[in-house]
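Structures incoming, each one as structure tokens.
Next, two complexes with chain A in common: one pairs it with chain B, the other with chain C.
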Partner chain A sequence: MRETNNRRKRKRRAGSLLAATVCILAAALVCLPLLMIPGGAFMSDMELRRLLAPILAGQEGYAGWRLLPFYPTLDCFYNVLVASPDFYRLFWNSVGMTAAILAGQLLFGLPSAWAFAAFRFRGREALFALYVMLMLLPFQVMLLPQYLMLRSLHLYGNPGAVILPAVFSTFPVFVMYRGFTQIDGEILEAARLEGAGEWQIFRRIGLPLGETGIRAALVLSFLECWNLVEQPMAFLEEQRDWPLSLYLPQLGLARAGDAFAVSVIVLIPAVCIFALGQDALEAGIAYMGVKE
Partner chain B sequence: MARMAGHRQEGRDREMENRNGKKKWVVRLGVFMLAMLIMTFVSRIIYVDNMPRVHWSYPKAASIRKEFSAEGTVEAADARSIAGLEGLLVDRVEVAVGQQIEEGTLLYEVDVEDLEEQLGILKEEERIWQEQVRAEKSRAAAETKRAREDYDDTLAELDRNIAEQNALLEDLKEDLELHLFRIPEEDAADEVWIAWADERTRLDREIEAKERDIEEAAYQKEETLKQAGRDIEDAQSGQQAAEGLYSAGYSAVGQIQERQRKIEVWEALAEADGRVYAAQAGTVIEVMLRSGMRMEEDAVIRYADAQSSLVYRTVVTQEQKALVHTGDSVRIRFPGSSQETTETVDSIVQEGGDYVVTVRLEPGAAQGQTEGVMSVSVTSQAYDFVIPRKALHSEGGICYIYVLEEKTGILGTELTARRQTVGLEEQNEDMAAISDSTLQSDMMIVTDSDKELENGIAVMEW
Partner chain C sequence: MRRIGKLLWKKRRLLFLLPGLSGVAIFYLLPFAEVARRSFFRSGNGKFAGLANYRAVLTNGAFRLAAGNTALYLVIGVPLLMAVSLGLALLLRRLAVRDKALPALLLPMAVPAAVMVLVLQILVDKHGLLNGWLPSSHTGIDYLNSGCALAVVLCSFLWKNTGYMVILWLSGLASLNAETEEAAAVDGANRLQRLRYIVLPGLSGHFFTVGTLSVLQIFKSYREVWMVAGSYPQERIYFLQHLLQNWYRKLEFDLMAALTVLLSVLLLVVSYFLYRRMER
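Here is the complex of A and B:
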């Protein structure tokens, strides 16, 4: 009996070990591109060209890589941060677009989410179902209607063409709504009985208690806006209006080192925002999984 | 109760820690954004600082005016030179440039003692040379005589030899005829016949050999006489050379003649106590000697008749020559005076790689002048596109310009310099006429830049 138990334990341990190995390998594979970025950013142009010769110069063999550069240098950072004013143009474009979108979502999305969560009105379910449906539609499906609408509004080619559709995105409304639904309905009823107005209830109860959902929505929206690629490519004509996410393709293979440096810099705000809203993000994702 | 309070405290601590952690990230994000803001300005400043600043202008329709100036000298068309006294010591110069002189005016004096000493040296050299010539002549005459005698002796010897050979040949022929009459009888023995035939063969061979000897002797005579004749000619040439001064060597002939001429001139000068006078009235136009100097080849005094015409001479390069032709009008300005005259080019003569332009001046046009500056001005046909010369660049024989264009990129709309190849029609020092089918009159052409330009580079207006 004891021998059988021991055998089971050994089997379980071997299974765990195998699962851990597979998971670690998979994680390493996923993390590998991320680990390549800092190495490439500190590599000299000569070292990069030598390692990537099969790609850059069409030489025979396979491209190689080093996690730690053999000849570390700050040349790529100098090229990007000092010698490329165009980088800053796109950086501030991204900052501006993201700030405008997040502000717009707070202005329009927050009241919408509160309305869905706090009020019962005719057609609420149908309207919410429409929101969910819009949220599920991929961008490619919405591309043509959005294009036609933006043309008719004379917004095509203008940064507003990217900002406006994102402001009215339904996904943050959904996340914030889920956050507001965590507030106990009795608290709201009690406040109403005490004579509090709807604005007071929203400001004094809704916002503090739904803060987690709001922050989760903002973090997710930030990450989405910071990395926008398809919308600017589709709706912006002038390079000067592009966000930073379109700068990397612009650099090309000839400036691979600079592209790695840009990647590092682009990651910094995203990491900061993620660190600021990590708890809210986890809670927000949990809310989304809760059945109504 | 206490446990609840502990839990509450723990929760508050965690919340505080969480807030502090977030604050740190907010500060980090703020610092990053501030750094990016500062670097935006820094990067922009560096970008603008490195950007070439340019001047530009539109091309205009105009002609190209080509001008050049050349310094030259004013000379008398028929000036007299007093020269040929090289080697003498100048005692005193009595005239200056521009001075009017009369016939017989004292021009300069040479040191008489030095003159006599130099003359004595020259005469001694001449005497020695004359003796050498006489000795050479007698030696050459003796050689000629000896060559003639050798020729006569050789001729007599050869004739005698040939005569002897002919006599021997005649004897052999007679022997052969006699032998032919002594033919044996038909029934004679074979030995007799054989002996007779052998004798005949011997005689035939000897006759042939003798005839060859005679031919050979005649040939030798001819050759020997030729050589003897050449010897006579050589001897006669030597004699003639000695008589014609050539014995001193071909290159020395000029020196001998020069020495003899000098002796002649210096003797005349010594008779005049070393004084040199003007042969006619006129104006001194050049004095190339001074007191105390020993005269060299270029030590001359030149003076011209006051009524003779003057010529202006200058040297121009091959490029400048393309702008001036015989019969063209040119302006000549004389330094130090407001005098300027327009004259006609008389001739253009190539000298080495350059050209000498001669302009005959009207009488009185440049009286008292020795130098002048000739100005030539030529205006080309009208061209549609004329730009400042400094706007035109050249590389490997291909001419190009930089045209300003507005280009919209990541940084917005910027001025960029586009390189455009053009054809060069004509140019002077300041302007250039260009041509190309794509040129337009409203093109902004870069005329000047504080940094080197390259195709597509962003630039700023100055």
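Here is the complex of A and C:
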């Protein structure tokens, strides 16, 4: 009896070791490509050109890579940060758009999410189903409708053309709503019986208890806004209004050094926000999967 | 005046919803109604066209190619992502490395598309790193311009989204009753039986949430496809989104209007079905 127990235990331990190995391999596989980026950013243009020559010039053989540069330099950062004034304008465009969109989502999306979570009104289900459907629509399906609307509002070609539709995007409402549904309904009922106003309940109970969902929605929105491509390309004509995320693809492999330097600069805020909000993000995503 | 004030007071709870809802109406619902109207007219002379725009879309060769490709991408991509992430979640759920592995798996969410595309280009180019590493490929496959293009797209989709879905599955697994499973184990049910008869049925509600979010993410992955392969990629990865974007550039608004209506009706039906299952 004891022997079989031991054997079972050993078998189980071997099993979880195997599982752990698979998971660590998967995680490593996911992170590996990212390790190429810092190396590329600190290489000189010449070194990169030599490594990527088969791709750039179509020569025989295959491109190579080094995780650490042979001669580390700050040349590419200099090119981007000092020698090209474009960069700052685009960087601040990105920051401005992202900030405006997030602020708008807090102002409009947050109360909507609360209304869906805390109140029972006629048509609530149908309306929420509509919100879920809108969140699934790819941007290209919205392209013509939004173009016509932005034209008639005289917003086309103006940063508002990118900001306003994003402010009313329904995905953050969905994420925040799922966060709010974690709150026990009895607390709200008790507060109402005690005579608390709806605004008070929202501020004193909803916001503190729904905070994780709100933060998760903000992190997801930030990552989305920092990465806008199709919207500004479709609705902004002037290159000086573009966000950074449209500038990077223009550099391409022809200016690989600068592209890697910009990549590092673009990645820093994204990774910082990700690291700061990671707990909320994990919890917020988990709420999306939880039933009411 | 008094009566309006009274009504507002009675419905004051809806003040939480109205500002956001009016924005949604202005930027999403009203424009749709306008496009639905337009889809029955010719934009050149404003004449009623009946179903002519729809007929033009449905007989269009590019549309047929793109619709087929998009359907194939969805039919392979969504179940593949769901299966891979469920597998990882099942492995991860009782492991100590879970807290270390999860952030690593989630990290791609933070990587902007343009950065990811830069790395992808160096990896999968005909003269790229992947061909250099693989011993057998003396000729060098041009992955993005061959039949492999869809596989490359699927890999980058998996790379970006697996962590996201793993967390969703883990939350579902955490909500299962552990005792049922233990009891079954004591009664001699093996791993596979427990998975088949206890774990998977317990997750049935989660399939729809994960499915819905997988569909959302697969539509979003168009961004990377477009950035890495341009507006006219290899024909296996020419999706409906390429088509709409190209028609937009060419100002083919009649065709766009009809296709927009077709796609949104289709998505309305699909998402309503998903939603009903998700909220139950």
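Here, the second predicted complex is superposed on the first by the 259 of 292 C-alpha atoms of A that agree within 3 Å, B and C clash if a C-alpha of one lies under 4 Å from a C-alpha of the other, contacts with A are read in each partner's own complex, and residues count from 1 in each chain.
One rule holds in what follows: contacts are C-beta pairs under 8 Å (C-beta built on N, C-alpha and C of every residue); 3 or more make two chains touch, one makes a residue touch a chain.
Source: prediction; values computed, not measured.
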Room on chain A for both chain B and chain C (clash or fit): fit
Vertex chain A angle, Cα centres of chain C and chain B, expressed to the nearest 10 degrees: 110
Contacts of A:Ile273 with chain B and chain C, given as first, second, both or neither: both
Partner chain in contact with A:Leu74 - chain B first, chain C second, else both or neither: neither
A:Gln239 touches, of chain B and chain C: first, second, both or neither? first
Which superposed partner A:Pro111 touches (first chain B, second chain C, both, neither): second
First, second, both or neither for A:Ile187, with chain B first and chain C second: neither
Chain C versus chain B, contacts on chain A by residue: C
First, second, both or neither for A:Trp92, with chain B first and chain C second: first
Which superposed partner A:Ala254 touches (first chain B, second chain C, both, neither): neither
Smallest separation in angstrom, by C-alpha atoms, between chain B and chain C in the superposition: 15
Chain A positions touched by chain B in one structure and by chain C in the second: 273
Interfacial residue positions of chain A with respect to chain B in the complex: 81-92, 95, 238-240, 242, 250, 268-269, 272-273, 275-276, 279
Chain B residues touching chain A - in the complex, by the definition given at the top: 18, 21-22, 25-26, 28-29, 32-33, 36, 39-40, 42-44, 46-47, 408-412
Parts of chain C lying in touch with chain A, wherever the complex brings them together: 12-17, 19-21, 23-24, 26-28, 30-32, 34-35, 38, 88, 91-92, 94-98, 100-123, 125-129, 131-132, 140, 159, 162-164, 167-172, 174-175, 205-206, 209-210, 212-213, 215-216, 219-220, 222-223, 226-227, 240-241, 244-245, 248, 253, 256-257, 260, 263-264, 267-268, 270-272, 274-276, 278-279
Complex contact set, residues of chain A against chain C: 16, 19-20, 22-24, 26-28, 30-31, 33-34, 36-37, 52, 54-55, 58-59, 61-65, 107-109, 111-112, 114-116, 119, 121, 125, 127-129, 131-149, 164-165, 167-168, 170-171, 173, 198, 202, 223, 226-227, 229-230, 234, 245, 248-249, 253, 256, 259-260, 263, 266-267, 270-271, 273-274, 278, 281-282, 285-292
